[in-house]
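This structure is in structure tokens; I'll ask about it shortly.
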């Protein structure tokens, strides 16, 4: 199923572009490390988003030109970034006050598993040998107004990532609002997973078969 | 007894001078409104104290020259002040973090009553018609490392202010370390009031008679 | 393009409804957003709950708002100051409710509201009448009171300078409650002496990041409460 | 005359005893006080508890302190980064203890330690393995965990500039944990690129007021961890 999944549906860039369409102008946004970072490249013209990075910057800009960066101006992924005009620096307690206090409009995260009740698992497989590391994920999902997940629909082994109930350790309970995969856009509602949009050429049944809990049509 | 009390012992300035002697160089100090403010005038030469005012300034200086003040540079008593080189402004939550977090070395307050267990009453007589107002007193006594009281030994009516147990509503429980009056310097110890020093020409018996709980000699 | 500028104080406060909870910055006159308060008087909202350290002086600003009987309740640490007659009068007549809060607890409750901390423990007021009815707990042998966050529908704040993103810097001790009230209100409205282009405030020196601010309004020459009181002014 | 300057990193950390709890600033290399950490390695204290967001990279700075087996326990949100091999190695061998804390809870616990708040409620980690054993309470229909403050004997922090009063400003995102760790430690030690006269830092722009700082030490040209790691350097 792996190759099959990789061949159809949106590319990563297209997933990011689709997600970016749903972010209103003027939103304060925190993008997780990895695929979520792609979203910033696809914000529609005429919209301005303000990016928050939890290590203490509001108004994060793109990567610096080679050699022009400052090793002390980095994002949460510890990569060098820039600051836009109108940016502000602050300390970690203030930064997480923004997160926990509900001031960030949207956070986009990757996922290992998302359950149909909105539970998220994205920090640990719970395996004995693993080094546990959680970072800011638990604070983000607990505090940010909307939390979107962007992820491949299934694992590399072809297992659904959208599940009835997470088997990996949770990051947060009932925290996810919407999931963007290469196959579809899916809302978490009180009734469970609900289809918002199919990727071009992908059928409802195709997505439904690869989803580990009932998928409702709109 | 009123006139008698007024005639002997230290003047207010002398009380403030005596208290100032006990403040080590480099201390961070919060002075309450009224008599406590006098202390700043009598800091011995060679010592530098840094004054904190809870409305958001560390490094408070003296009153401005007439006409040179800013109505938005004031102290907790809402009087115009100045800022010394090396001062810092901050918001109210940070200011009370300094207080509650034990960062201020000393606070000097006035008192209505001080009990021999260190209880302080200085914000309300508890009378029905009174407008209750507490300000920062409860935070100061709860958080500052040492709390000194500077006060007349007795009320205008001649009643002791140093008492067995406060009858007025408390500002804090077991919070006072030392009391400076026109008659004496008195420590609060696990054994109760303990004399540190008599004002010149004042006898132990004279002070003891005017103190509402047993006064121990050193 | 982010632009949080609004035309004037009247527009800035136009949608504050009857019964709203409004945080009002300031410690005495320092940081008191007097033009926003006067606009709120003109606007007419009633039954307000006001969270502010003091209750104003004379017959202008916050005191005038109280005098106009728009305020049902104040949450406050020190409602009694020199030249403060309006609140005592209303309070003695039973026409205004008072929740008295120690100043540091007031500040921390507001900060908690902005930081998403629903409750915290503080040593202030243990053993006093202000502890009555509050849960307490002992940590490491010392007793603390449980205090709840404070949040508001609106905050009225005075800064020195802002940009269109809502970044704000303050003037001296006028900073006081502004930064934390901006955090704790759903709609934070800031009057400033001047509005500049984004980038003109050094990002290292921003005190209130724009994320906490919804509207900025320029009041180039704000009135000074103490001067008005000295002149015996009243509003309206 | 207030003068918190000390001669160099070695003098600044000389009295940190075995078994001390030490907060170490930085998020990755930004704000990591690498010269103070190296001085602590030279100094030899053992059995430390280190509170820091990460566990260092390569074989320098914080990672070198761990490699030298001076640290019994880390309190940390993310002990696993690119080029981070020392901590995983020690952890798998059972030679170091880990208290894993969500990053925002870590920051707030440190801030609480500095602000005299012994405990507070947070929504982060509710329903997760990190909630195990923690008291919880419902406020307004939502569940929160009770978290305790974090305090330390010492804090090692990196700033950009300080004065002899201990006022500190930072460089960009190197600010991160510095201001709150300075508040939460009994002795806060700050290395800065330059020390200036009191008054040369505008009081409106001070980030960490001097009351929170005990020692400042000038390190004019601090090393960059990423450059050292790229060059394969190790310390000592």
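Labels A, B, C and D are assigned to the chains in the order they are written; within every chain, residues are numbered from 1.
The rule is short, and it goes like this: contacts are C-beta pairs under 8 Å (C-beta built on N, C-alpha and C of every residue); 3 or more make two chains touch, one makes a residue touch a chain.
Predicted model only: the values in this text are computed from it and were never measured.
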Graph distance between subunit B and subunit C, where chains that touch are linked: 1
Co-neighbours of subunit D and subunit C - touch as defined: A, B
Which of A-D and B-D has more C-beta contact pairs: A-D
Centre distance in Å when subunit A and subunit C are each reduced to the mean of their C-alpha atoms: 36
Subunit A-subunit D separation of Cα centroids, rounded to whole Å: 29
Computed distance of Cα centres, subunit B from subunit A, in Å: 55
Sequence positions of subunit A contacting 2 or more other chains: 57, 83, 89-90, 93, 96, 99-100, 143
Two or more partner chains touched - positions in subunit C: 108, 111, 115-117, 122-123, 170, 172, 204, 207
Set of all touching chain pairs, with the criterion as stated earlier: A-C, A-D, B-C, B-D, C-D
Residues of subunit A touching subunit D in the complex: 53-57, 70-74, 78, 83, 89-93, 95-96, 99-100, 119, 124, 126, 129, 131-139, 142-143, 169-173
Sites on subunit D touched by subunit B in the complex: 1-2, 111, 113-117, 163-165, 167, 183, 197-199, 203-204, 206, 209-212
Of all residues in subunit C, those that touch subunit D in their complex: 108, 112, 115-123, 137, 139-140, 142, 144, 148, 169-170, 172, 202, 204-205, 207
Subunit A residues touching subunit C - in the complex, by the definition given at the top: 26, 28, 48, 50, 52, 57-59, 83-90, 93-94, 96-104, 143
Contact footprint of subunit B on subunit C as seen in their complex: 27-31, 53, 77-82, 87-88, 91-92, 98, 100-108, 110-111, 122-130, 170-180, 207, 224-227
